[in-house]
Structure formats: structure tokens, C-alpha cells
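Following this line, the structures themselves.
Here come two complexes built around chain A, the first alongside chain B, the second alongside chain C.
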Partner chain A sequence: MYKKRSYFRLIRKHYLKIIQYVVLIFIAGLFIYPFVWIFISSLKDKGSILANPWGLPVKLFFSNYVLAWTKGNLGRAIFNSLFVTCTAVAITIVAACPAAYYFTKVTFRGKFLYYPILMSMVIPTAVLLIPISFLGRKLNILDSYSGLIFPYAALYIPLGIFILSNFFVSLPESLEEAAFLDGASRFQTLIHIIIPISKPAIFSAMALPFIFIWNEFTLALVLVTDSSVFTIPLALKAFAGSYSYEYDLVFAALGIVNLFLFFILIFLQRHFVRGILSGAFKY
Partner chain B sequence: MKKTWLKNKFAFLMVLPALLFVVIFMIYPLLDAFTMSFFDVKIMGEKIFVGFNNYKKLLNHNEITLISLKNNIYFSLFTTLGTVVIGMILAILLDRKIHGWQAFRILFYLPVTLSSVVVSLLWLRIYSPNGGLLNVILNYIQLPFLEKNWLGDPNIAIFSIIMVSIWQYSGYTMIFFLAALQSIPDSLFEAARIDGIRPGQEIMYISFPLIKPVIIIVVMLQLIFSFKVFDIVWVMSTGGPGYSSSVLGTYLYTEAFRKFQMGYAQAIAVFMFIIIFSMSLIYLKLARFREASHEY
Partner chain C sequence: MASVVLKDIMKKYGDVVAVSKISLEIKDQEFVVLVGPSGCGKTTTLRMIAGLEEIDGGEIFIGDTLVNDVPPKDRDIAMVFQNYALYPHMDVYNNMAFGLKLRKFPKNEINQRVKDAAEILGIQELLQRKPKQLSGGQRQRVAVGRAIVRHPKVFLFDEPLSNLDAKLRVQMRAELSKLHDKLKTTMIYVTHDQVEAMTMGDRIVVMRDGLVQQVGSPLDLYNKPVNKFVAGFIGTPSMNFLDVILKKEGDNLFLDGQSFKLAIPAEYKSTLLSYVNQELTFGVRPQDLFDSTVSREVSFHEGTSINCTVDVVEPLGSEQDIYLTTGPHTVVAVLDMQTRTSVGADIKIAVDTSKIHLFRLDTEIAII
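Showing the complex of A and B:
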């Protein structure tokens, strides 16, 4: 009697599991299909994109990629994005690390600045567009790398401080006390003890701004008009604007950009998820 | 005495770089935004003081403001509703000991990591009335009456864009819900199973009540975040046709960089900031409440 019932239960459990998998795979298909579609379409010529939007290509047009790469100046854009993003993230973390540590672990008179700095995360980029473009002109950094790097770093330093200070708070005092006993200063403790053990938090405090800055469009739109400084989103927008009816090339450009992002995500994805969870406040 | 002063100074030096960046590139522009909104600002920067005129123009029977605000509210509400419901479904599906849940998780948040320009260009092709994927599929599955000019029809353009936003950010809310669900100890479910609970009831009576604080937080975050929308609307429709899909962000951008009404645009910006700032304050209240209620 008992055995029969548990057998019945097993079937029922499996039947739920099967439904679960079917639904999951269906939804995953909906999420992934647009990407597959980009890659399939990017290998077609314009005619078959229009005539047969979701069929497989009859003939492969790898030339689309070559054309998109050269006409869209994508090599330059990828370099610009990499340079701007890496530098801005580096500045973010170098500024945020000591700030987060001193704000959370040290009593000093500047402590009241902690909340105002964090609160600056609520300022929407759209509000800053005009004043930042005026400021950029005043500082003479429009249309240059620094014109993007500095505002981006400023935008994500509060997030970095937020993620790191949440982690630093959870560290036990005894850790530092041991170092102090050995005669280390605060700063030495930070460099030699705190930073090495905080690597996971530091990585998530870097991965999140990395993706956001990589994708940032709004500020770049007003800070940069010179196509030699275009980051990927700007270059794509400009390319799609001037080749709006060359669907094959636009698809190829999207394909290139996505391939590049997937490549980056392979390295970042774990940190990225952790970053999202610990830095919920800003995105 | 001298030593504490030195210590203070050094600590201050350590937070100074972060402070400088924030003050120069965020606080100063924000204050500038406030002052500019009381001026008539020309492109090259000359200002004429106009008092509250910009605000009067913005709030006094201004149809575009009303449309933009309405679209902003639609965008915020429906994006939040969509992402929270879909994100929750995905999280529930992924929660129970599924093989390869990590792979599914990556798939679902893949769109989150895309630039809004990439997403917009992709969906422009999907929505296109000219060989666009969506209409072709609707035709193929014998539902041609659902075929629409998704972005060209002023009545539905904003909703088409909302759909894209839901597609992009459902994976985002999923990450929070999944983490919350996975943090519920198995023992609770085991105990309930001994008491004869059914799988559907598990979700209703155990999971939901336990992750309710997370749901509230995610809803608030989504409301605030989607109120800030600019880029996706700008790339997909530039607020058009006409002003039918305009949101405050695109209205601001059009006024500032198409019509060069910088002062007026800044009044829109301040208006937007006040709304978002109030929403953020409510969020912070709730977040603190959550922390307090979580200490059991």
C-alpha cells in the first residue's frame, strides 16, 4: 500500500518536472531566438532578409561582416569602448576602495559625507545631460576620451562604494586588530589584508560598472560628436542611421557587437550576477 | 591632539578622490540644472533670468507634458508588472533542483547585458512593417488580424516599446527572485510536505510570504528605474509618431538638443528629478523597513 502510493507520487513528481522543463525550454527559446535570428540574418543578403525573414540562408554572405566592420568603423568603436570602459572602471575601483574602507571602518570627521555620496546614485542621467555637456565644454573635455571616462567614473563610484562598504562592514574587526598588533597602519592593513580577501566583492564592484559603461548611450550621445571617439552604442546608432535600409549590414554589425559582448560575459557572468545582487540600487 | 588631526586628514585624503568625482560630475551639474531651469539659456551659454516661466510653460495646460507623463507612468507600471511577473515565473521554474539551472539563468539575463541600442535595433527589425519577424510569424500562425504597424501606430507605439523593455529586463528581476527563493531553507518545505502540502500550495504559503520583502524592493526598484527611461524610446521611436510615445526623457532631449531650449529642458529635468527623488526616498524607507523586519 505504502509502496504503491510513493510510486504514484514519483510519477506525479516527474510529470511536474517534465512540464517544468518544457516550459523552461520554450521560454529560453523566446529569449534566445532573437540572437539566433541576428546571426542567421547577418549571413543573408538584403533580398532574402525581406523575402524570407525567418528561413535559413540559401547562400552565406560572410562579406556582410567585412563590410559592416569597415563601413561602421567597428574596430575603432570596439577599441574606444574597451579603452573608455577599462579606464573608467579602474578609476572607479581605485577611488571607491579606500573611500568605502575609511567610511565604514574609520571614525573621522568626514563620515557624514557617506550618505550624500550614496544618495547621488538616484540622480537620473537624463537630468545631468545638459549641465554635463556645458561642464564638458568648460573643462574642454568634449569629444575626447577623458570627456567620457571622468563622468562615467563619477557615475559609478557611488555604486562601487555601496557594494564594497556593504562587504567591508561584514568583515570581523579581529582581522584588522591582528594587523594593528603587528604594527601595520590603517592604509597598510587595507592594502595587504582587506583588499586581498575582498576580491569577490571587488570583482562584483567592477563587473557591474563594466557592463553598464560598456552599454552607456545617453551621456555619450551628448558628450561625443566626433566619430573617432564613438563608443560601440554610438557607432551602432550612427551606422544604423546612415545604412538604415542595408538590413544585412546592420545585422552583421549587431552580430559582431554581440559576439564581442558574449566573449566578455564568459569572463564576467559570475561576478555580474553577484554584482547585481549586491548593488541593487543602481542600474 | 595633533595625531588625531593628522589621522583625520589622512582619512579625508582617502575619500577625497571619490568625493571630488561625485561633486564635480554629479552634484555640481545637478545644482546647475536647478539654477538653469530659471533661465532662458542660449546654446552658447548666455542666460536670461525668467523666474518660474519655464515651469509655467511645462505645467500649465501643456499637452506634450501630459502625454509624456502618461507614457512615463504607463512605461513604469507595465514594465514593472511585466518584468516582476515574468521574472517570478522564471525564478520559480528555475528554483527546484533543475539540471542546468545556471545555463538557463545565463540565457534569461543575457538581454539585460545588452546595450539599449542593440536591443532597440534588433526590435526595430522585429517590429518592422516591412518584412519584420513579428508580423511574418503572426501571419504564419494564421493570426493576420493581429498584424500591426507596431511602432508606426500612435495608439500602440509606447506599448510596443514597453514589450521590448519587459523582454530585456525580466531576467534582471529573475536574478533577485531566484536568489531569494534559493535562500529559503529546504527544511521548511520538508516539514510542510510531511504535513501533506501540495506543490502549488508550497509556493503560495511558503515561498511568497518569505520573499515578500524582496518582491516589494524589486517592484520599487523597477518603478524607479523604468521611470528614468530615455535611450530605448529615443532609439526606437524618438518619441514619435508625433509625440505619441514621448516620455519625459525624450521630451527633455528634444527640447534641449533639437530645439535648443536649454532652460526649458532643464525645467523638465528638474520635474523628472523631483519625481524620481521622491520615489527613491520611499524606496529607502521601505528598504530600511526590510532590514529591520529581517532580523529574526
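Showing the complex of A and C:
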């Protein structure tokens, strides 16, 4: 009797585990399949992509990668994307750190601006396209790196302030007070105490704008027409002509870009996870 | 080294008065303890001295300098916080050296000062460790070390022992007292623990509701509390308070507590004559109550004892706390272990009437 019951219990236990694994594998598949599909399609020629989009390649066309790299000027696009994104993120964080610190820890006249600044995050980029391009033309920075960097930084500073202020507010007051008594000014306290202990939150405040700017297409499309300043999304768009679409090269280009991102993610995974979880644990 | 003078200092949070016109003079090299229950304004007072809270009224002097508008960093004070507030990303050495580096001290001097402080506190081996790798006691020492390397004029301690376990607290209490003897610097110490206050302070400031109740030496506060609050706050277990009526029979005064009558020593007669037939609060410390059958501490005569029933017995090893009832009153007595009694037993408790206290019922101010 006892044995029978424990046997059922064992089955029940495994049954639940099996369901868990099936669900997890299904969800993982949903995320992984598009990348697998891109990789498979990148090795086909244009004809077989259109004739049999889901099937395996009959013949492998590694030349797609060489063609995509040269024709799409992908090296330049990757550099542009990296340069624009890193610089914009750096400006975002340099501006957001002191702003978030002063908004959360200091009483000053302009404190009422905190919520209006945060509210600016909900304004859709499409609404800002015309004013930004108009301003860009006035400042003569269209078709240049700064024409992309400054609008991106301006758009994501509120997000940086939001993430950082939420972290700063959880830091014990006594840490700052100890620094004041040790002789530090507010700025020295920010530089020597607050920023070093806020690394996970700062990484998080960098990671999200990084992803958004890296993937940004609409604003770049409006602000940049010179192919030497194209970021990756614009370079991919260039494969689409008015009358044709070079699917084989697009897939190969996507493969290259994804491979590049894959290595970045592996390299930064530890920081990335820590950054995302920064708010989850009490300081 | 410097004296600290508070003149009518005030602090308000909206309509709530946290500190109400406190005046206090702390002498150079003195160890003063601010003690009181939560919300009495002791930490706010300390933070005002540190410059971490703005003052709504009054003046604070450190040495001869009025520091009302002087920022914390320029007041030449050091503070040890309740949660230590060590910088988590710096090792112990850098935690201690941070203030000196900011003040641009030469490197050798920083090294020397940190080394000296570490030696005084016995933390030489911990200098390369991060705060998270330290125990509570070690963190506490580092926090003190960070304060002493700066050689400040005044040390401020904000309940620095409250996060330690009972045993370590006793040990650190003694070490801080020793440190004061060694450094000979003015120290202001905030605690809610009256035992800490009694054992450490040269003088104690008892506070309640933002007001100073009494300032004096530990024994002054224990033996001559100015009101019922101080009498009840200082001493463990707390003083017993019983509502009584002061009566006069012939030439003698006595306290009528319904279930007992206590004769008042002749020395208090002149002070108490004007209170005859008034209701008063009678206070007696548990240590001034004795088992009349075994005690040789005081000589007893008629009218110095109370018949009680034992409610609870708490043996502590060297002595025992006995909770008693007499009529409508509840009384605690600290008796020696010779007394053999049990719950429900009747016991005759003798009162050392030379150490009794009487308070006015309305104002709670001490009469004797």
C-alpha cells in the first residue's frame, strides 16, 4: 500500500517537472527559432528563400556573408552604431547621475521639474520627428554623428534619471552624512561614494538606453541620409530597393549583426543580469 | 578638544516640535550621554550639533565658534552612526583614510594615523577587508576608527551599540569608556538604554518630548530624580510608583496606601507638612525593598513594612526579581537568593524609608 502511494507520488512529481520543462522548452523555442531561421535563410540563395522559406538549404551560400558585408558596408554601420550608441549612452549617464542624485537627495527650487521630465518619456518619438529634424537643420548637424547622438541622449536622459533616482532613494542617508562629516562636498559624495556603490543601477540605466538606441530606426531614418553615417538599422533597410528586396543578403547581414550582439551579450552577461536585478535586492 | 554649548536650540518638523529650547553646556573632555525614549529629540539634538539638521532657533557653539551656519565638514567633529555607515565599496583602510584624503593630508601622515587608530582599536589585521567581510563588532570598531583618525574636537555617537548583541554591547561599552579616557576628547553619546547611560557618562541628560528633564551625574539621577519620569526611566527594574495619601497622626507623618501604612522619617517632616491629606505618588526602588525575615541591610521597626502576595518569581542567579501585589498596587522587589518563596505565598516586605521618593500627583515633580 505504502509503496503504491509513493510510486504515484513519484509520478506526480515527475509529471509536474515534465510539464515545466515542456513549457520552458516551448518558450525558449519561441525566442530562439527566429535566430535559427535567420541563420538557415542566410545560407540560401534568394530563389530558395522565396520558394521554400521554412525548409533547410539545398546548397550552402556562404558567399552571402561576404556580399552582405561589402555591399551593405556593414563594418562601417557597426562602427557607426557602436559610436553613436556608446556616446549617447555616455552622455545620458553623465547627465542622469547628478540629475537623479540632486532630484532625490537635495532640496532645491527646480525640484518640481522631476515629474515633468519623467513624463516626457511617454511622448512618442514620431511626435518629435519634425521638431527634432527642424532643430537639426537649424543647428546644421543633420547627416552627422552629433545629429544622432544629441537627440538620442536627450530622449533617454529621463529614463536614466528614472532608473537611478529609484536606486538612489533607497540608499541610506547616513552614508552621505558620513561623507559630509568626513569633509566631502555634495559633488565629491556623488563621485566617491554614491556612484561607486550604484554600479549595478548605473549599468541598468546604461543597458536599457543602449538597447533602445541600438535598435532605433525611425529617428535615424529622418535625420540621416548620408550612407557613411548609417547605423545598422539603416544599413539593413538599404538592402531593400524600390522594386526588389535582397532577402539572401538581408538574412546574412542580420546573421552578422546578431553574431556581433551575441558576443557582446556573452561578454557583458554578468553585468547585464546584475543591472537588471539591481532594484530587486535591498541595499 | 572643545566645549559644546547649546543655547535655547529648537527644531520643528511642520507643527511638531522635536526639540524645544534646549540649553546645555558640555565641558571640554566631558563624556555626556543624551538618554530618553524614542522620539524624545535626543538624536535630533545630536544631528543639530553635527550640522546634519538645520536649527529653527537658538545657538550652538563648538569651542568659541558659533556654528549655526557652519557646514558639517567645517565643524571639526566626527560621528559614529547607529548603522555604522561604512562605505561598502572601500576597504577598512580607505574607509578610515577617506576623510584625511579629502583634506589632502600627506600620505605618510594618513598611513600613520590609520595605523595608530587601528592599533588602539585592535583592527590591524582587518585593514584590507571590505565592510561586508566584517562582523558587527568589527564594523563598529572601524566606524569608531574612522572617527578617531581625524582627531576631531568633538565625537558624536548616535546609538552605536544598539545593533550589537548583549554580550558584545557590554564589552564595547567598556572599550568606548576606555577610549574616552585615552583620547580625552569631548564626547556626546545618544542612547535609549539607561544602563549604557549610567555606566558610560560623566553626566547624563534625560530628555522627553523634546525637553530636557534633568542633567546630572549618574548617581544624582538615580538618587535624586527631579520628577517621576526620570525616576522611572533610570534604574532597572523601574522604580515602583504607588498612589498614597499623606496623613498626620500626632507628630508623625505616614503614607496611607490602603493596604499599608508607612512611617515617614522625621528628616522629611518639614518638607512634607504642607502636603498633609493630599494624594501623592510614592516611589521606591526595587533595590530598596527587603525580605524582612532575612535581611540585615536595614533595621526595621513598626510602620516600615508592607504585607504582600507573591505573583511571579524571576530568579537571576545572584538575585531574584519578585513581582508582588499589595491591595490595589503592584510592586517589584529585587531580593537576594536567601529568600525562599513561591507564587501565591505571603511575604512581609521591609522598606528602606531613608530612600523613598514622593512626587506630586498633578505635576509629577519630586517633593523628596
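By our rule, the second predicted complex is superposed on the first by the 240 of 283 C-alpha atoms of A that agree within 3 Å, B and C clash if a C-alpha of one lies under 4 Å from a C-alpha of the other, contacts with A are read in each partner's own complex, and residues count from 1 in each chain.
Note that a residue touches a chain if its C-beta (ideal position, glycine included) is under 8 Å from a C-beta of that chain, and two chains touch if they have at least 3 such contacts.
What you see is a predicted model; the values in this text were computed from it and never measured.
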item	value
First (chain B), second (chain C), both or neither touched by A:178	second
Partner chain(s) touched by A:28 [first = chain B, second = chain C, both, neither]	first
Chain B versus chain C as contact partner of A:18, first or second or both or neither	neither
Per-residue touch tally on chain A - higher for chain B or for chain C	B
Chain B versus chain C as contact partner of A:132, first or second or both or neither	first
Chain B versus chain C as contact partner of A:247, first or second or both or neither	first
First (chain B), second (chain C), both or neither touched by A:193	second
Intersection of chain A interface sets (partners chain B, chain C)	none
Complex contacts: residues of chain A adjacent to chain B	16, 20-21, 23-24, 27-28, 31-32, 34-35, 37-38, 41, 49-51, 53-54, 91, 94-96, 98-99, 101-103, 106, 108-110, 113, 116-117, 120, 122-132, 134-135, 137, 150-151, 153-155, 157-158, 161, 186-187, 211, 214-215, 217-218, 222, 232-234, 236-237, 240, 247, 250-251, 254, 257-258, 261, 265, 269, 272-273, 276-277, 280-281, 283
Of all residues in chain B, those that touch chain A in their complex	7-8, 10-12, 14-15, 17-19, 21-22, 24-30, 32-33, 36, 45, 90, 93-94, 96, 98, 104-111, 113-118, 121-126, 130-133, 136-137, 167, 171-172, 175-176, 179, 199, 217, 221, 224-225, 228, 230-231, 235, 248-249, 252-253, 256-257, 262, 265-266, 269-270, 272-273, 276-277, 280
Touch list for chain A against partner chain C, complex	172, 174-175, 177-185, 188, 192-193, 196-197
Residue numbers on chain C that touch chain A, as the complex places them	50-52, 71-73, 77-79, 81-83, 85-89, 98-99, 102-103, 146, 150
